[in-house]
């Protein structure tokens, strides 16, 4: 119910603004007895951390997480896990221009319209910086679903798509774009460089695959696994579309093409010949890989001047001088992974609540 | 939290199976004093009702709704509104074959995997019949947001897209496809007829536009208006993708193309030159038309035999003989409208809770 | 979150007014595979049913429950269980006098103040008739916690308390007061008869004991087992106080008297020498019997004329002529049992969600 | 839904253990534009702070609160308000004895039973220290309901009750017991001193009165104002009973005594001649003062040795040497005030959501 919380049984809440003293997440409902220390979280934060290549924002944030509660003698106690990350490298003066005028494509206007008052420093609560809290919470969620492997990558950037035949998962960590296709990654360097130099920005599509999800997670009808994933991904900054499995493409298939035929698998369990469903049927996992894609719009904060209005309603132009990602989707990949982990941890516990099963 | 409930303040729960005695919805949190009778709900149900053309299932359901509570002397009392629709035209024997084998692309297998026990008659709870309850609840929601006009149509069917230049809203009610383009509607007759005769089925894309939403509805970060819409749409049977505004297309735009420039409007309020955002920025409404699209996969229940397994794990073939929509997306248009209405009613009240404003 | 729903994982919602066509409950989150038919619910409803002795209201309601969904071939499917009870014996004309004036001690004024509009027939939603829905839902909850035995009785009526030394559980079903002390039951006949003849009413205290609850159910800090029980009982009509274990009496004990000393039990598990805690410590069950007491005020609807005002604000007198319980607490005993069952079912599943354990 | 969260629209979550680095609360759903700084919160924390008299624990905690988010330029922004209080004066070694054995009357055993692992330092999450977070969140809640005045006091301590005729609200802040009766306060000094010296502890009853609540807050049936208050109070450490208005005493009144007669008030609004209802009828506020009482058991941590068992199940004795309140209810008064404020803020916004009304 809470506006800034997500989840049902395994639940997290985030707080904090881009230029406040810190940001954080509180994870509630975590099973007790899980080994957890900052070292389990930090590597995931590091993957999302800004300033690691010229293709992301140059804001320098160490993003060091501290666990303030919920862990004793190295194991979770079942009580709330409070995670905090200090903000270190704020440059609020970069934003003074936007204090009075609205950046097109950004949340400046809508926050003002809703609340009549907003923290304009670094976009305040609307900053993608909040996603660090999600990644931290997601690292805890991963420990709840050790049977699942979650992997996100970029499959399209600036309209240039990967070649599925040329992909290799090991490439994902070898380039700054989480791109499984080395050739595409090379092309994207040029694309992003050009956009950055032109004071522009690019969009991209992130694909996340979760393997190891057993059949049976999810529930009709408003706690469907795919509905939860859709909400989880759409809540990430800049995401404008979400699809599962064949997604929008499924609308162009015929019934017999789209429906994944089943055969007896080697272990007696049903085996699917294809996975257009993306691992979900009727809102419940099939046991096949879960496949979700999220479309990120290009970063709204750009150097190119754009027509806009100020808070008094007068027409003006605005160019955003703060440090920004030329393609916010790049750092979106670890965020989507985190959101998928958070949904799965919640659904696993929710399934256990209703249907029982092994601890 | 409830698995079969949706919404936060204005909230509805649905119950019922395809071949049980009835289905229903309970609407809670509705403002008091609204004029409400069955006549406010029935027309919306009639738009979704099966058997109205040869392009939808031939199951004959009058779908007559009864209001069992929450209304006194023609006005809502603020207490739960119980809506019930009897099931009239069940033919459970059509389904006996699927009692033992799983239809590919359907929820048969996943329900069995989750619950170990399922109502196979007419797909039970997984039947699209449940969406009648949503439409009934959505009719109540519409009364909560009289300032908003909500209109859904099909913009693509079987891979054939409408011509935006040839569209006219008045066409939507003139053809059995909720299609705004008369030319496309004519072509779709052939497409759907062919698919039906071939024992196949088609997918489609529904677009829903809500005009009149004021700026300020929605909230960061996990109650974002777009996140709620995504969950709402993805929870509808057969939906595999959801996008807002430019959606997946936004991933192919440059920052200056995608960001909707603002100018001073005639009334002093900001005016946007474009609407790539689809009416939502930072999870909060901009005041522009809200634009959401949902991709429906082709109906999974088809006459064409498909390879599958039975509950014992043995390989077999299955052809679904029940009466089914050759393109479930057609009747999906009124359902998506209902879901959008339900999200907006909830968000309006939620906004009023936090930020006040006129009753 | 829903106003008319209760529970977190095992959750029920009720709807319906005293003089509408029916009342009902929707139970969501119920584990699948439980044997369930109307015969499992009806006996509990019968215990609460009015008109069984001269000590309860003379309204004649068969209170026959129908299961409309969520059960297939005699077992729960895991989908929502819709329970409906028709209203049969309404006499709305009895209430026309109260349409315009407020009964002191009743919800007439507050409903009008809140909603500006109310169903005055038989108290509408504020009628104790709604508790039949709770009892029906509670019967389902009992099946979720078969290891627990739940038993409520009246321990005080009209200020006359039972003699604990003279109590025997088998007496509870032998008198119309759910009174474990035969001597007290005999005295209460006179008390209630006198009150009824005088056009007055009496209050009482219900005590509910649940045995078989294992240690570990409940959770800090706002889902505490005792906090949930308090809300559950206080939500029942006419309840004005709730206590656990020694309750208000604990405030008069010294630390060493109140703290229940522990010894090694025969099975190795700790054994408590006393149970002042009433089976809950830190919001979590201890394994001892859970003991909760609820104080019911005297029925507000009485024949004795009372000073009041009408809707226009003018002073008047009112005497309630409808058929009412001279002591609403009597039929409150089965309702408190149901609420305890509902809380325990929810907490059992919630515990299983977070901490795992046997199905 | 969250285990460590409370509220529906105005919602707070707390985290932290007694001997961890800090404790905190996250307040979500707060209206924007409210003036808020640490100075609005600190005075309320100071009233609850330990070590201010010899009648409370001697742990020395400055309890300095910091606001980490949700406030910009001195006003709330509508985003989550993160409040943090550092733990300063831990002496974990005092607790090493209880690491292995269970204190009777305390949560040691139940946490171990539930989670299989617990933070035994200073009682961990079960420590009354957590209530500082509630008081901090409650200070924010007070700003949401400026029309309401909330005042708690002790009306009974160690079985010695106040004389209502001798009470004066101004006395409440003149003695260390929040006692409105100067004579009783003088007697209580002796009672608490004796108990402390004897290594024992005492219970007490806190009464909280909220004036200025308009008619109409609260909602049937499971969001009743009194049900929410009951849960809120019962969730506070050591509370074993809650009552509203005449409470348990109402069970001993006759219908015509208990029902508060109504007359036309000077302003046209109804005026009640008595307030047995404690300001709530049918779960909705009447406009009269809201009266709630909470019974606190005596502190479980006492110096007097008590029979118990250790984690291995062996019988032993335990005396708690940490610094503890001889009567935890004393500092409970500001906590109950905070909980009442938090419930009222939530119910005010929830009422506004459903029924509208002034901002």
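Lettered A, B, C and D in written order, each chain numbered from 1.
In this text, a residue touches a chain if its C-beta (ideal position, glycine included) is under 8 Å from a C-beta of that chain, and two chains touch if they have at least 3 such contacts.
These figures come from a predicted structure and were not determined experimentally.
Novice: Consider the two chain pairs A-C and A-D; indicate the one with the greater count of contacting C-beta pairs.
Specialist: Between A-D and A-C, the larger count of C-beta pairs in contact belongs to A-D.
Novice: Which chain has its C-alpha centroid at the greatest distance from the C-alpha centroid of subunit B?
Specialist: Result for max centroid distance from subunit B is chain D.
Novice: So how far apart, in whole Å, are subunit C and subunit D when each is placed at the average of its C-alpha atoms?
Specialist: About 26 Å, centre to centre.
Novice: CA centre of subunit A versus CA centre of subunit C: separation in Å?
Specialist: Once rounded, the distance between the two centres reads 45 Å.
Novice: Quick check: how many Å separate the C-alpha centres of subunit A and subunit D?
Specialist: The computed centroid separation for subunit A versus subunit D comes out at 38 Å.
Novice: Could you check subunit B for residues that touch two or more other chains and list them?
Specialist: In subunit B, 1-5, 8-9, 14, 29, 32, 78-79, 114-116, 125, 219-220, 350, 354-355 touch at least two other chains.
Novice: Considering only the defined contacts, which subunit A positions touch subunit B in the complex?
Specialist: Going through subunit A, the ones touching subunit B are 1-6, 8, 14, 102-107, 109-111, 113-116, 125-126, 130, 156, 158-159, 195, 200-205, 215-224, 226-235, 237, 240-248, 250-264, 268-270, 273, 276-278, 280-287, 295-300, 302, 304, 306-309, 313-315, 329, 350-351, 354-355.
Novice: Which subunit C residues qualify as touching subunit A in the complex?
Specialist: 1, 9, 29-32, 78-79, 219-220, 349-350, 352-359
Novice: What does subunit C use to touch subunit B in their complex?
Specialist: Those residues of subunit C that touch subunit B are 1-5, 8-9, 11, 13-17, 20-24, 26, 28-29, 32-33, 66, 68-70, 72-73, 75, 77-82, 114-119, 121, 124-125.
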